[in-house]
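I am attaching a structure below and will ask some questions about it afterwards.
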Amino acid sequence: MTKPIIRFEHVSMNYNDSKLILDDISFELEEGKFYTLLGPSGCGKTTILRLIAGFMEPTQGDIYFDGELVNNIPANERQVNTVFQDYALFPHLNVFENVAFGLRIKKVNNKEVTERVLEALKFVSLAGFENREITEMSGGQRQRVAIARAIVNDPKVILLDEPLSALDLKLRSEMQYELRELQQRLGKTFVFVTHDQEEALAMSDEIFVMNEGKIQQSGTPLDIYDEPINRFVADFIGESNIVEGRMVRDYLVEFNGKQFECVDGGVKPNEKVDIIIRPEDLVITTQGAGMIDVEVDTQLFRGVHYELSTYDADGNEWLVHSTKKAEVGETIGLHFDPEDVHVMRLNETEEAFDIRMEAYGGAEDE
Amino acid sequence: MNKSNFRPWYMIPYMIWIAFFVIAPIVLIFYYSFFDITGAFTWTNYVDFFKSTYLILTINSFWYAFLITFFTLLIAYPTAYFITKTKHKQLWLLLVIVPSWINLLLKTYAFIGIMGLHGPINAFITALGFDQQQILFTDFSFVFVAVYIFIPFMILPIFNALDQLNPSYLDAAKDLGASGWTTFRKVIWPLTLNGVKSGVQVVFIPALSLFMITRLIAGNKVITLGTAIEQQFLVTQNWGMGSTIAVFLIIFMFIIMRLTATKEIGGKKHDKVK
Amino acid sequence: MTKLSKGPKIYLAFVFLILYLPIFYLIFYSFNSGGKMSHFESFTWEHYAAVFEDTRLLVIVLNTIIIALFSALISTTIGTLGALSIYFMKNKKARETVLSLNNILIVSPDVIIGASFLILFTMLGVKLGFASVLISHAAFSIPIVVIMILPKLFEMNTSLIDAALDLGATRKDVLKRVILPYIQPGIFAGFFLALTYSLDDFAVTFFVTGNGFSTLSVEIYSMARTGVTLTINALSAILFVVTILLVVGYYFISKRSKTSIAGVKR
C-alpha cells in the first residue's frame, strides 16, 4: 500500500459567497498513480486542480500534501507542476528556456540546467528541438514541451488540465498512449482533468466522475463502466439504455412489464430503480427468441459496428451496437444475460453503493 | 477573390491626399533645406547644423526627451499595471484619457498658475517656513509639465499590452516556482515590452520637438529642436535653416521608430491579416 | 481579480490627483472675484458672463468648432475611402507601402507637419487663414480615421461580401448594405478622434494660421504669454464640461458599437 500524497478533507469552494463550486469534497490520492477527474464543464474538476496547484485557497476544509497542511502555501512553493490547457508556453522564450524556466528560478547552475533540460526533452522525444521558437512547434510538440517543462522540476505530482483538448482526434489518441506510458516510466502521480470519457477510460488507474461540485463515483475504469452508481454516471460514461424498473427481490427485477434475472441485490423489494443495459450487450435474435421484441427505426453503419435505434412496444428507445445487420422496419428480438442488467438505486451514496457491491458482488466478481 | 472587382475610383481622393500631404511636404522640406534666407542655393545650412550651437541643441533635445520619456514610463507603467487590477478597469482607463481630451494649452496655462510665485505650491512652501522658490522657468517645471502631458499616451499602450497578457502565463510562472517579482521580471515585462516600445515611441518623438511647453514653462528659451524650428520659420523667417533642422528631426524620427519597432512575439497576429 | 492592496491604491489616487489637478485648479479660480489665479477672494459668476460678452473670444470659439466639425467630416470621408482602398488592394507590397505612408503623419512631430504645410501652402499660393487651417486639420486627421477603420475591415469575414454577391447584390449594394454598416463603429470612432485632434491642435495651426484668423489654442498661447484674464478660466470650465459630455457620448457610442459587433459575430 502506497502512502497518500494528496488528501482533501471536506473541501468546499465558492466564489463571492454565491455559487458553490465544490461541495464538501474528500478524497485521497496515492503516490505513483494516474488519476482522472472526469465531468462536464463547470462540474468543479478544474477547481480541484487549481486547489492542488495552489492558485486558490479552499473556502472550507483542508488540503494535505505529503501529510502537511498546505491550504495557505502559494503555488510557487509547492512541489506540484501543471500542464496547462493552452500550455501557457512563454512566447518570448525558446523551447530550451521554457523548459529551463523553473530550474533558473531555483538558481540551478548552468551545467545542470542544460543536462536536465536536454534529458527532459529527450524524455518527451523532443531531442534536438531545444533551439526552436515556440511558434515553430506544432500542437503536439507544444504539448510535449509543456510536459517537459513540468517534469524537469521533478515535482511529486503533475497536474494536467485538459491538455489534449486542443489536438486533433488522431494526435489525441496517440498522446493518450504516450502520456500513460510516460506516467508509468516516471512513476509520479498524475492528476488529469478531462471531459472526454474515452480519454479517462483509456488512461487512468482511477477515475473520479464529477458533477455539480460533487464526486459522483470513483473507481477503476472497469468499475465505473460496468457498475455506474447512478443515471448521471451511466449516461456520461459510454452509451447506455436507461429504463425505469422495480426490484422484485434480490436477483430479480421487473421492467417493460416483464421480470428478468439480474445479479444485483441488497435492494428493498418493490423499490423503484433505474435499469441500464449497454448497447453492445444487446444481441440481435429473431422475433420472440430474445427477452424483448423491438422494431428497428434507423440503422447507421459506424465502421466497427452497426448502430441501431429501436423501439419496444411501450415506446422506450433501445440503442443496439451489433456487428449483425437488420432491416429498418423489421421487428427483432433482443437477448441479454443477467449480468448485463445493471440496477441502480435512486440517490444512493457512493459509500452505501460500495457496501452493497461488497455484499452482493456484481459484474466485478465474474 | 471578389476583392479585386471593386473599381478604384474612390481611391483618388486618398491618393491625392498621400501625394500632397505626405510625400510633397517631406520633399519640400528637403528641397528648402538647400536654400539660404535670400533664396540662393547653398550647403551652408548643413554646415551650420554641425556647428556647436545646433549640436548642443540636439544633445539638449535628446537629453530632455530622454528624461521626459524615462519619468513618464516610470509613472505610467505601475499606473497601467494597477489599473488592470481594478474592478472597473475600462472606466479607470477612460478617466486617464479624459484629461488628454482637455486642450493642451489650457492645462499648460493652469500649470503656469500652479507653479507661479503666488501659486499653491509656493504657498505651501512658504507655509512650511521656507522662502519662495522660482519653480516656473526651470528645467524641473519643463520636464514635469511635459511628463504630465504625455502620461496618458504612455499608459494606453502599456495598459493594452498588460490587459492582453494571457493570465495562464502568470499561473505557469507561479507554478514553476517564480515569486511575484521574478514573474514580473521574467514574464510580464518581456511580454509587455511591445507596449512599452509603442509608448516610448509616442512620447520620445513629440518630446524631441516640443516647443509650446518650452516657450511657456521653460521661459522662452530655445532649448529643443522643436523651438529651433519654430524660431527659424516664424521668427527669423529663415525657412532654409528651419527645414535643415526639420530634416534632421525627420531622420531622428525614423531612427527612433526603427529602434522601437515592435517585434511580434509569437507571430500570432500575422495570421489574422492575411 | 485580486484586490488592490493599500500601496497601489494610494499610488493610483496620487496619479489621478496630479492628472486632474490643473483642470480643477483652472475651474476653481474661474469663480474668483479677485482678478488673478491666486488669492481666492469670493465666489462670482462674472467671468462666465464676460465669456459671453467678449464677441472676439466667441468668434474664436466658433471658428475652432467650425474647423473641428468640417475637418472631421472631410477627414472621415476621405479616410473611409482610404481604408477601403487599402483593404481592396490586391498587391501586398503596395498595401504595406501605402499603410506606412499613411502612418508617417501620425508619428510626425507637430512642428514638422506645421512647417512643411506652411511651405506647401506658400508654394501653392493658398492664403493663410481659415482655408489653410481647415485643410491642415483635415489632412492630419485622415490617417487616424484610416487606422480606426482598417481593423474593422480586416476582422470582417470576407464571406459576408461573397454571400451578398451570391444573393444578387451589386458592388454598390455590397458597399452600402454590407461593408459600411459593418465598419460604422470604426467610422464613428474615427470621426470623434478627428474632432478631438482638431480641437486640441495647437502647433500645426500656429504655423499655418495667418494674421486675421485664430483658433482657441493659438489665442490662449498668445494670451498666456502676455497676461491672462480669468475669462479664459471660465471658458476652460465650460469647455471641460462640454468635453466631458463628448467623452460620455463617445463612450456610449463605442459601447453600443461593441455590442453590435458582438451581435454580428454571433
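Note that the chains take the letters A, B and C in the order they are written out, and that residue 1 is the start of every chain.
Assume a contact is a pair of C-beta atoms (placed from the backbone, for glycine too) under 8 Å apart; a residue touches a chain by one contact, two chains touch by 3 or more.
Protein names from UniProt, one per chain: A = Spermidine/putrescine import ATP-binding protein PotA; B, C = ABC transporter permease.
Note that the coordinates shown come from a computational prediction; the quantities given were computed from them, not determined experimentally.
Enquirer: Take each protein chain as a node, join two nodes whenever their chains touch, and name the resulting shape: line, ring, star, complete or other.
Expert: line
Enquirer: By number of C-beta pairs in contact, which two chains lead?
Expert: Chains B-C share more contact pairs than any other pair.
Enquirer: Can you work out the whole-Å distance between the CA centroids of chain A and chain B (ABC transporter permease)?
Expert: The separation of the two C-alpha centroids amounts to 56 Å.
Enquirer: How many Å are there between the centre of chain B (ABC transporter permease) and the centre of chain C (ABC transporter permease), using C-alpha atoms for each centre?
Expert: The computed centroid separation for chain B (ABC transporter permease) versus chain C (ABC transporter permease) comes out at 17 Å.
Enquirer: Of all residues in chain B (ABC transporter permease), which are in touch with two or more distinct other chains?
Expert: Not one residue in chain B (ABC transporter permease) touches at least two other chains.
Enquirer: Write out the stretch or stretches of chain B (ABC transporter permease) touching chain C (ABC transporter permease) in their complex.
Expert: 1-8, 10-11, 13-15, 17-18, 20-26, 28-29, 32, 75, 78-79, 82-83, 85-87, 92, 94-99, 101-114, 116, 118-120, 123, 148, 151-152, 201-202, 205-206, 208-209, 211-212, 215-216, 225-226, 229-230, 233-234, 239, 242-243, 246, 249-250, 253, 257, 272-273
Enquirer: List the residues on chain A that touch chain B (ABC transporter permease) in their complex, please.
Expert: Touching chain B (ABC transporter permease) from chain A are residues 53-55, 74-77, 80-82, 84-86, 88-92, 101-102, 104-106, 134-135, 149, 153.
Enquirer: Which chain B (ABC transporter permease) residues qualify as touching chain A in the complex?
Expert: 166, 168-169, 171-179, 182, 186-187, 190-191, 265-268
Enquirer: With touch defined as at the start, can you tell me which chain C (ABC transporter permease) residues reach chain B (ABC transporter permease) in the complex?
Expert: Touching chain B (ABC transporter permease): residues 1-2, 4, 8-9, 11-12, 15-16, 18-23, 25-26, 29, 36-39, 77-79, 81-82, 84-85, 87-88, 90, 98, 101-102, 104-105, 107-120, 123, 139-140, 142, 154-155, 158, 161-162, 165, 171, 175, 196, 199-200, 202-203, 206-207, 216-217, 220-221, 224-225, 228, 232, 236, 239-240, 243-244, 246-247, 251 of chain C (ABC transporter permease).
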